[in-house]
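Dropping the structures in below, format is structure tokens.
In the two complexes that follow, subunit A is the common piece, with subunit B as its partner first and subunit C second.
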Partner chain A sequence: MQHGKYRFIAGFLLIPLAVYGVFVISPFVQAIYYSFTNWSGLSSKFEVTGLRNYRRLWNDELFWKALGHNLLLLVLLPLVTLGLGLFFASMLNVGGRRRRNAPVAGVRGSSVYKIVYFFPQVLSIAIVALLFKFAYNPNSGALNSFLDAVGLPWRPEWLGDPDLALWCVMAVMVWSNVGFYVVLFSAGMSAIPKDFYEAALLDGASRFQTFFRITLPLLWDTVQTGWVYMGIMALDGFAVVQIMMDGPGPDYSTELLTYYLYTKAFNDGQAGYATALGVALLIVTLLFAGVVMKLGRRERLEF
Partner chain B sequence: MPPRVPVRTSVRTAPGGGTVTAQAEPSDRRGTEGGVLNVFSHGILLIWGLMVTLPLLWAVMSAFKTDKEIFTSPWALPKALHVDAWGRAWSEAHMSQYFLNSLVVVAGSLAGTMLLGSMAAYVLARFDFPGNRFVYFLFVGGMSFPIILALVPLFFVMKNMQLLNTYHGLILVYIAYSLPFTVFFLTGFFRTLPTSVAEAALIDGASHTRTFFQVMLPMAKPGLISVGIFNFLGQWNQYLLPAVLNIGDENKKLLPQGLVALAASQRYKGDWSGLFAGLVMAMLPVLAAYIVFQRQVQAGLTAGALK
Partner chain C sequence: MGSTSEFSRRDLIKRAAAAGLLAMPAMGVLSACATGSDGDDKTPDAGKGGKPGGLRPLNVNGSTPLDVVIFDGGFGQQYAKDAEAEYKKAYPKADIKHTGTQDIAPQIQPRFNGGTPPDVIDNSGAKQMDLGTLVGLKQLTDLNALLDAPSLDDPKKKVRDTLRPGVVEMGKFDGEEVWVLYYAYTVYGVWYSRTNLAKLDAQYPETWDEMLKVCEKAKKKGIAGWTYAGQHPYYIPFSLYPFIAKIGGVEVMDRIDNLEPDAWKHPAVKAAFEAYYELYRKGYILQGTPGLDHIQSQTAWNQGKALFIPNGSWVENEAKRMTPPDFQMAVGAPSSLDRNDKLPFGTLWAAGGEPFIVPKNAKNPQGGMELLRIMLGRKSTQNFIKAVSSLTSLNGGTEGLTLPPGLASSQQALTKAGKNVVNPRLQDWYVTLQKEKIGKAALGEMMAGRLTPDEAIKKIQKFTDETRNDDSVKKYRHK
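Right, the complex of A and B next:
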């Protein structure tokens, strides 16, 4: 029996582990090794150069610029996306006119809103990025012709304007992700017992108080998970920049770590340096996840 | 910090709605507040709804216009339904080919992911053996690593194994990168299933393998559906992996990749309506499937983030 058990375990784990090891684990380990070499990626010859790539990184203005953009996204993107998500979710679930037999109720048609808000989430980022590439087009795009139609004289260049481009990228990422958090938080909110709201309203609590004293604390675990998800997305942003911007943007205004890494590895033949950039990105990602977990730790509320 | 909510356990809604009288006094004031808030809520919700749908509608309208109309009256309805752009995108721009390619790859990778993922998850959830925790964290750790870091060496791993620009290579890579979430989710799911049924099957003489396929997998169906939807959408919409690992033949591109290529070439040709037709063509099937299965899709995509 025991013998059969171990054979079964080995048989079931072997193929998944092999596939995972060859295509995920080994490339990650190799990437860390290559970051200490001057490998071009074009030939099989390279030398171990120690920390040279990292010293170069330290003095690379473009790296700092890209990192700065990523950090800006890392702070703002979760704040705006989760903020809007919480705001819409609470309106959908408790923002409605109170009915006779329920202490709190969602607005009418809340299920339709939830369906519509989720649309961008099921579309490929390639579709979303292309859609907005055309929408931002200063001559015939949806945005400027809309401004035209409502009679506003403002005609921004959008993606062509170095001061606006990064905000345009951010707007697209917010646009495509808010719906996910509305649905996620709605599911969390519907699990909160209605008695809590009823009791609070009876005691004269306002809607703001019920949100900050009941909804948010009881939803905190989900918010924290969402924060980590969104942060990881803010540290990526590759597809939007590559497809929508066709490059790092005017004056490198939308250069991101992931896109910089990609160009170094696949256009400039500097695979070693690219992996060093990747290791820097990995460190930022792990630091961020650690900080959110540490700052966000609270007593878990059971209900 | 526990919330300092004055929860009065003595006043609870009786099954028949017995708190109506208790509520009568404060609800007068709150009723009007609720009314104002209600109008305000609807307004805000409607605005975001428009912000989501208008860009999509704009693309759909543009797909039926002539190139001239797209430039001169972007927000007007098309004067007549021009469908010739759809034909151009479908056949000349290879959209039909890209659809087929994506179907082939995703059919293979989805089946592989579900099979390998559920096998690994079942063993990790149900069997004690040395190294169990280690293997579990090895899989789950993959969820937080930036894929793009692995992509540089992965490109050469694939090249050396002659897997670059092949569908079976892409299928293997899709499976490998879907395993972390699949294993994480299904391990949790298998742990929640009762042990008694599997034990009964084993006592009756079924092998472990047979117990897994004939008893445990059918019991795990709800979890498999959730994670299956999650993986299907993730793999169907995947852009980064094929953009780096499938760069050979123009005709072998997958849908999201092909769409970006189409955008580049149609733009060059100035065929804007063909471009929008291609975009809408890629967009509509997913949206239609989502509307039909919206409950399952929403549950599947948010499953991992809910405890």
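Right, the complex of A and C next:
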């Protein structure tokens, strides 16, 4: 039975592997190669310049600033999004009053909420970003009009304020992603057998305890996957910044690695340097993946 | 649920996630480009052997297709389609491929790289390709052949001699070659509504003291003096740079363009910055301006929430739908700071806009130049003026037309300026320095009150010094 098994599998995988090689691996290799050149991106002529791009990178204030913003997003974005996602999902599934015949239930109207939460996911990120751009308009946008209506004297400049701009961007990313995780976690929670909760409740466990002792551990793998995906969002963030800020924001307050890379490749004609930035981003991404996988490793609970 | 297979479902998800993690950002940002082949250094034989004064002075092969890319921005793209129809009349066999886009660089750059660029490009807008880089890499056709060809309307006159002063010079970089033809002719300055000023019993202020008085008057009525594109603060220079030139003379701006050390430390710069900063300090800037983009700020201005806005003459077309019919749009030259100003009131920034280029490796560069020759004819020019209310680089074309108010005002402002037209080049030569660094990181911060004029100047001088010492940026100088 074992004989020829691998050859058999490889035969099936040949085409996908070839596609993967051509469209994923080879661009990687090419990009790493270009990062050692002074390629402009506008002509096929270039020279190999060795480590020059990387030395420049090391001394580039803007690179470090952009990296800092990305890392801030990387820490906060998954934390906030998944935290909210978990909170909402548990309210929808196990947060409600106890009803007869059911040890746990969601708050009233939870099925409606589930749909409402999912709405932002249906909108394309371009539309979401544009909508928020209008909402953030400090002169006639929804947010400041609201502040006006409730009589608060505070009139922030939102996207025009370097201290607020990045938070505004982050809020949009959270808003547009939370719904997906609510649905994902809800699905995960509904797979948890209800008798676990029943037993815990009989033992007198509080809501708080059931969440941290039962729900979260049994959902851990899903959370981890979500964490990785939100991490990718945080390291990207290009679309939101591009549409809402049309640039690096006031005083470079929303400069992200991806946007900086884009500027270098498409505005300044320095594609070689841009690919070096891309390689730096790749390294950060790999480190992140490694850390998440390492930290997240736990004994799997079978149920 | 037990785990029976060698790969459990969750393992698979985890691994897929890891693979996706590797692949996704890379696919997005790295894989898009790969150097293709852009061919040998073939030189198009533009103009060579063309019969001067003949019907086809540029040696156009009428059956070669023509590939046109137009920036679909403030001026739209209809004017180009109309010119293409004229081309089609002259060369019925030519297939014309027209592309209108706002994404010039992302769409066109790969085509340069692959060696199949379009025949003519309107390289404009926020995502324009860096002209200096294209020139440095020898990717463009020298347009002298076009300039030396007879003009469409008067075969005795060369195209060169029908253009507005300064347009040909703007298209040069280092040598005598003309790489860029600026088609539109833009008047920059302080834009306002005659109607809204009249409501305050005011006229356009010719001195800065009067400017402050008008703003104070407006403030009392709950109207702001100024607004500007806060998210794109590089609109502020449209009135600030000619103001600096007016106070300290053209040399001050020339030295700034040349990236000279201490160029920004000139007293004229400080005087101009302090005057603008006073607008902030006295609360004459529309609330929330730093968070507005160009459209939002123009809309607020159209609604009469602010009196003045630094802008270019494209605003009349761009803001057409938002402008009330009795708005009476007009442009003013920078007000005089005091009697010691080097240049008189009326000194104005006017320059070519919409940079058209003909790539060197285009399949049909002659056709590209021919289209430009057609566009510089009277018929196309009048069509452009009528359709988008902006002047073109053709000197004239307004005869017999009823100009919309903003355009008529531009025309008057140009006449009043006479010789005193300045043309700072920072925004063509050093786009990132001008837009991101000086614009967003310094001027925008100063006008929002987060930097003092002194701090802004210091910061800008530092940016200038960094750009001067950055050998990855090609340098240019005024001659």
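Basically, the second predicted complex is superposed on the first by the 278 of 303 C-alpha atoms of A that agree within 3 Å, B and C clash if a C-alpha of one lies under 4 Å from a C-alpha of the other, contacts with A are read in each partner's own complex, and residues count from 1 in each chain.
We adopt the following convention: a contact is a pair of C-beta atoms (placed from the backbone, for glycine too) under 8 Å apart; a residue touches a chain by one contact, two chains touch by 3 or more.
The shown structure was predicted, so the numbers you read here are calculated from the model rather than taken from an experiment.
Undergrad: Is A:Gly179 touching the first partner subunit B, the second partner subunit C, both, or neither of them?
TA: Only subunit B is touched by A:Gly179; subunit C is not.
Undergrad: Answer with first, second, both or neither: which of subunit B and subunit C does A:Ser140 touch in the superposed model?
TA: Both partners.
Undergrad: Per the contact definition in the header, classify A:Leu42: touching subunit B only (first), subunit C only (second), both, or neither.
TA: In the superposition, A:Leu42 contacts subunit C only.
Undergrad: Looking at A:Gly249 after the superposition, I want to know if it touches subunit B, subunit C, both of them or none. Which is it: first, second, both, neither?
TA: second
Undergrad: Just to be sure I read the superposition right, which of the two partners does A:Phe132 touch: subunit B = first, subunit C = second, or both, or neither?
TA: first
Undergrad: Return first, second, both or neither, reflecting whether A:Asn267 touches subunit B, subunit C, both chains, or no partner chain.
TA: Only subunit C; A:Asn267 stays clear of subunit B.
Undergrad: Give the label of whichever partner, subunit B or subunit C, reaches more residues of subunit A.
TA: With both complexes superposed on chain A, more residues of subunit A are touched by B.
Undergrad: Jot down the residues of subunit A that show up as touching in both complexes, subunit B in one and subunit C in the other.
TA: 23-24, 27-28, 30-31, 34, 41, 133, 139-140, 221, 225, 229, 232, 235-236, 238, 258, 261-262, 265-266, 271, 275, 278, 281-282, 285-286, 289
Undergrad: State the interface residues of subunit A toward subunit B in the complex, per the touch definition above.
TA: That would be residues 4-6, 8-9, 11-13, 15-17, 19-20, 22-28, 30-31, 34, 41, 84, 87-88, 91-92, 95-98, 100-101, 103, 107, 113-127, 130-135, 139-142, 145-146, 149, 175, 178-180, 183-184, 187-188, 194-196, 198-205, 207, 213-214, 217-218, 221-222, 225-226, 229, 232, 235-236, 238-239, 242-243, 258, 261-262, 265-266, 271, 274-275, 278-279, 281-282, 285-286, 289, 298-299, 301 of subunit A.
Undergrad: In their shared complex, at which residues does subunit C touch subunit A?
TA: Against subunit A, the touching part of subunit C is residues 1-3, 10, 13-14, 17-18, 20-31, 33-38, 105-106, 109, 112-113, 115, 126-127, 129-130, 133-134, 137-139, 230-232, 286-293, 296, 300, 305, 431-432, 435-436, 440-441, 444-445, 448, 450, 472-473.
Undergrad: Show which residues of subunit B lie in contact with subunit A when the two form their complex.
TA: Its residues touching subunit A are 1-9, 11-13, 17, 19-20, 22-23, 26-27, 30-31, 33-35, 37-38, 41-42, 44-45, 48-49, 51-56, 58-59, 62, 70-71, 74-75, 116-117, 119-120, 122-123, 127, 129, 135, 138-139, 142, 144-146, 148-157, 172-173, 175-177, 179-180, 183, 207-209, 212, 233, 236-240, 243-244, 255-257, 259-260, 263, 272, 275-276, 279, 282-283, 286-287, 290-291, 294, 297-298, 301-302, 305-307.
Undergrad: Touching subunit C in the complex: which residues of subunit A?
TA: Within the complex, subunit A contacts subunit C at residues 23-24, 27-28, 30-31, 34, 38-46, 56, 133, 136-140, 144, 155, 157-162, 221, 224-225, 228-229, 231-232, 235-236, 238, 245-252, 258, 261-263, 265-271, 273, 275, 278, 281-282, 285-286, 288-289, 293, 300, 302-303.
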